[in-house]
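Below you'll find the structure, written out as structure tokens, and then a few comments.
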């Protein structure tokens, strides 16, 4: 079972946990991305996330499907936020339940690593003196 | 910064997340142990956790200290529950924040793996037809 | 054939719009579209990479573009 | 010397109590205590392992036990 969500409202940790909970699960791993106040030694003021919404949802679904094929996991929730986020706010939550904890850790890590490579979402870092689209240039 | 808690009341996921949150953090990994309904093919009714409380707390503190020494992590919360737990309830939550996510995953996994080996807490599985202390016999 | 193009992230800044229409020859492929875009917006060539999505799927290059397809410029992603 | 012993998990079922007092010779070590316990409660030898904690720390064997020490039997742990 998979739940994918793309939302401009704050993400809900407890909702992710509740979705993946299962009487068959021995462990749940949850990754929570948070907006960091510095990047490459420079102070960040906030981030802006833009998504190609329909495709971002279908790519997140593909990754969750692949995680369920690849690892012995029960349920997966992937929630991603869009819009302007301040320091400490949460752009992404990934929750995975499994019978045994190793699979939950492996799948959660696979999902966040793959999401950052393939899902059409873009992050702009906003500094005191300008803005930069992350990863855009070599 | 480290928060260790041993409690006979339900654990609080949001409290663990809030403790480790930091403006310097780019990612948080949270492991949530849950009581599974089966073990070795047999239906489990509930679990009972007993702790040598003072030593359990000092051993959890040691593991958290070691995680902070070993990995590039910012804050660690380790909350463990005692007493009777039903299927789906949460015996343990470990939350770790880090500048970069890889360290959060590595440290969280290290803490739960080590906790299961060294912390003086004991789990009794309660079946329809009897009870077994987990790991007691070869 | 005129195709509607969605544009995201830094590509939106380069093209100056989040959607535009582009005239393509019949039987144009994704590679043809990329060439036309790079010619018209040379700054696209300075990006680490840029991909084209055809109907919400990453395209490899040989796919033909049809009139009602949804085509999008995907600059390097950075979600999460 | 009489030492107070805390007992947990399956060891509690074997000894039949969660705390007991045990008479030890002067200068008894952890190893001496383990031997006395195994003789008195042979089912302890059937456990995968059992450790002794001395003042909330795992003991290795050679430590001397003093009168006010807190000593505990630690059967195989299974927290988490």
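Here the chain labels run A, B, C and D in written order, and each chain numbers its own residues starting at 1.
By our rule, a contact is a pair of C-beta atoms (placed from the backbone, for glycine too) under 8 Å apart; a residue touches a chain by one contact, two chains touch by 3 or more.
Everything numeric in this text was worked out from a predicted model, so none of it was measured.
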| item | value |
| --- | --- |
| Chain at maximum distance from chain A, centres defined as averaged CA atoms | D |
| Where chain A and chain C are represented by their mean Cα positions, the distance between them in whole Å | 26 |
| Distance from the mean Cα position of chain D to that of chain A, given in whole angstrom | 48 |
| Where chain B touches two or more other chains, by residue | 33, 112 |
| Which pairs of chains touch, using the document's own definition | A-B, A-C, B-D |
| Complex contacts: residues of chain B adjacent to chain D | 33, 49-52, 54-56, 58, 80, 91-92, 112, 115-124, 133-138 |
| Chain C to chain A touching residues, read off their complex | 6, 8-10, 13, 46-48, 53, 56-58, 72, 74-80 |
| Parts of chain A lying in touch with chain B, wherever the complex brings them together | 13-14, 17, 21-34, 36-38, 87-88, 97, 99, 101, 104-105, 108-109, 112 |
